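Here is the structure we will look at, set down as structure tokens.
Chain IDs A, B and C follow the sequence of writing; residue 1 opens each chain.
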Amino acid sequence: MTLLTIQNLRRSFGQLVAVDGVSFAVEPGELVGLIGPNGAGKTTVFNCISGTIPPAGGSVTFDGDDVTGAAPPALARRGLVRTFQQTRELSTMTVEDNMLLPWRDHPGERAVNALTRSSGVAESERAARERAQTLLEVFDLEDMVDEYASSLSGGQRKLLELARALMLDPKLLLLDEPFAGVNPTLTQRIAAHIKEFNDEGLTLLIIEHELETLTELVDRLVVLANGAVLATGTPNEILNNDRVIDAYLGR
Amino acid sequence: MEIPLAQELIFGLVIGSYIALGAIGFTLIYGLVNMINFAHGEFITIGAFVGFLAIAEGGLSLPVALLVVLVVTGVAGWAIARVTFEPMNDAGAVPLLLMSIGLGLVLRNGLRTVAGAERRHVPVPVETFRFDELGFFVTSQHLTIIGITLLAVLVLHLFLTRTMLGVAMRATADNEDLALVSGIDTRLIRNTVWVGASALAGIAGLMLAISQSANPNVGFGQLLLILTAAILGGAGSPYGAVAGAYLLGIGITVSVALLPSGLTALSSTMAFVVLIVVLLVRPGGLVNAEVRAS
Amino acid sequence: MSAIDDLPFDAVQAGVVLVIVALVYLFSPFYVSPAGFTFIFLEVGVLFLLYALILIGLNLQFGHTGLVNFGPVAFFAVGGYTAAMLTAVDPFKAVGLALPWPVGLVAAVLVAVALGALLGFSTLRLRDDFLAIVTLAVAEIIHGLIITFRDVTGGSVGLGNVPRPIAAPVGGGGGAELFATVLVLGALCVLAYGVFHRLSTAPYGRVLRAIRADEQVAATLGKRVFRYKLVVFVYGAAIAGLAGALLVFYNGAASAGFFTIDVTVIVWVGMLIGGAGNDRGVLAGLAIIMGFQLTTRFLNDVLPFITQDQFASVRLMLVGLLLMLIIKYRPEGLWGNARELGVES
């Protein structure tokens, strides 16, 4: 059973048709790249999937359930998490708080438990801290634990964005241009991390312009152009696909 | 034979005019300077006192006083904004809002300290035109305020559509970043907005001083109605604000007429009801502005 | 201030103990009758404690969650008048149902909660600044309603003959009542502070601060943002309503003059002076601004050639000026965390 199925997704902004009947699927454990020239509709597709904006038509099925138009919190709880192209670190909170925030089903986030200071709260917090520490070490951010997120460098913010999303233990991670504006060394590091987590079972759908890095990383590419799926296949097939080349060069 | 509700309609247009003059400025500030100016009522009050001084103390005629108020309040408002709001232009909506509340307190109470709380009447000759067969009357004051407001709206419309600066303003209201990038002088626009909004508020103050009195609270009392009109019209749209102002004014006067006499006090709560209903049903107001949190 | 954090007990526990102590004191045959010159301080103290209750709620709303509530006095008033109208015994030209005071107290909180829920539902999905407009407008409207419906509320004259639950048990006349009131309210305040502090220091508070920082991110990370905002708004409304009821039970009357925008201003300025988001700091800030007001009151006695009215205006001017200066030069207040409030330069 596919993890994510997009059927005939449609979305317009006034006269502008951004997404015009997009359909594709992502199998569990896959690493899929979503590419296409500027204005092809990639970010809009992401936004429709992740509940940021409601689609005008079509359906989104995740893990067997119809989640078309579901709000982001509901999706996150089901295991569908996205990151943003421009890092959205919570700059008025520390790195640690950024990491602890997403922890699922934390009893301490309910008023009753917060007031009574039930033991479940401390336990959950401990578990969250441990997981956060592990992830921060993976991303080499453990020294910045008590720093406010605003003091992080651009590259560190990218890493935090990723690490924070992983705290939710997602089934499917939607990455919105994770390599945008990132230097080549860091790009390789991030790609390596992505590969590792994918090997451990995380399914990923990635929007990227950085074709070189992406094509080495993914199992499959979905190419969008003019709001519709132009082609889908392995990186090899796609890179040799004339229509894809035309679409990119035609801009 | 009497036209039903004719008198209420006239009163409604009059009240609506006061609100409209304040609401236009308030909305322009909201749309172009990106702040809620809780001190806007004080610009009205300044206009009221300048008008009082011009007419009662200075013996000027109404048209001349009008010009004086226009200029003085426009400049005063601009100067005050220059000192308080402009330096923190990019501080964010909440600090600007808080700043305007502080400013309002300072101005309101400053005026009360200097001028005292008593109401000062502005003697202006009034002519009444009676149409008893049709069941209403209208005074020269009524006609003046309605006329001035309509003139102001016309001037505003011409300005926004026919002048370079006006068109630039509309562009900025739409998308400030884009406007900046395309070389529009947003500082000039903000300065113009402050002058214009204050001047219009000043005129409202002058007319309120004449019809009621000049006192330190006259402007603050209008603020609630201005807020409601602006939201009813649609946040950021001056045309919407005008429409909202007249709708509100007429709504108030008509409801006074239609409600049983024991409940006429309810008309003052119309603003509350209107506000809440608008926000629940159509928060973008008449023009359906985009007001949801992103 | 960190020494207080190291104590083995927290404010909730202390508050419960203090409430018990206060109740025991109240019903015991002993009472303290303070000297006459302390009355003014005790009276201001009572007002401080009531405003502190409002501020505790407001701080959770704005300091932690970023909700700009400009009408805490609306809930204060609604709570006060609900309690007064339900419990007053044959007031002059107003409604008084002469029900027992606990009914009035509970009803006050419930009505405030209802108003908070109504406002919350209508505005919390909209832009932040809209909440400011609406809350300010509602506060003004409620004040207007109180004055207009004078046959129901007593208008500017007020609604008297409200029961004073502390007077009877303590005995011993005015001074003793005053002292007992300070004790009871003080205990309640400590308890309320403790309750809200537990919320803000728990992971619950982390969610609130995330909402203040970036709602969309909080939602993307799985938090039900609207629900939190609504609930926090209602908590603040509830405690302000409670404070209103306590005020009328202390005064034995409700009057429009107690529920003006000045209350909102004092509480907000206190919060900003102290540092929004710092649970103890904001209370200290409130103490500072109210101390300032007390001092200027004495000043007025010393300078008789300035009328009381003028002095009131000058005082408000200074408060407004103070607000402007804080926003411009020290938006994080004395004890607030500039980085957490996002106001570092």
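By definition in this document, a contact is a pair of C-beta atoms (placed from the backbone, for glycine too) under 8 Å apart; a residue touches a chain by one contact, two chains touch by 3 or more.
Just so we're clear, the structure is a prediction, and the values are computed from it rather than from any experiment.
*Asks:* Strictly by the touch rule at the top, which chains does chain A share as contacts with chain C?
*Replies:* none
*Asks:* Quick check for you: compute each chain's CA centroid and the global CA centroid, then name the chain with the smallest gap between them.
*Replies:* C
*Asks:* By mean C-alpha coordinates, which chain is most distant from chain A?
*Replies:* That would be chain B.
*Asks:* Which whole number of Å gives the spacing of the CA centres of chain A and chain C?
*Replies:* 44
*Asks:* Please compute the C-alpha centroid of chain A, do the same for chain B, then give the distance between them in whole Å.
*Replies:* Chain centres of chain A and chain B, defined by C-alpha means, are spaced 48 Å apart.
*Asks:* Compute the distance, rounded to whole Å, between the mean C-alpha positions of chain B and chain C.
*Replies:* 33
*Asks:* Would you mind listing the residues of chain C that make contact with two or more other chains?
*Replies:* 216
*Asks:* Hey, which residues of chain C end up touching chain A in the complex?
*Replies:* Going through chain C, the ones touching chain A are 12, 195, 198-199, 202-207, 209-210, 212-214, 216-225, 231, 339-342.
*Asks:* Which part of chain B faces chain C closely enough to touch in the complex?
*Replies:* 36, 38, 84, 87-88, 91, 93-95, 97-99, 101-106, 108-110, 112-113, 117, 224, 227-228, 231, 235, 265, 268-269, 271-272, 275-276, 279-280, 283, 291-294
*Asks:* Over in the complex, which chain A residues touch chain C? Could you list them?
*Replies:* Per the touch definition, chain A meets chain C at residues 50, 52, 71-73, 76-77, 81-82, 84, 88, 90-93, 97, 100-104, 106, 108-111, 113-115, 117, 121, 124-125, 148, 150, 164-165, 168.
*Asks:* Which part of chain C faces chain B closely enough to touch in the complex?
*Replies:* Those in contact with chain B are residues 68, 70, 118-119, 121-123, 125-130, 132-134, 136-138, 140-141, 144-145, 148-149, 215-216, 265, 268, 272, 309-310, 313-314, 316-317, 319-324, 327-328, 331, 343.
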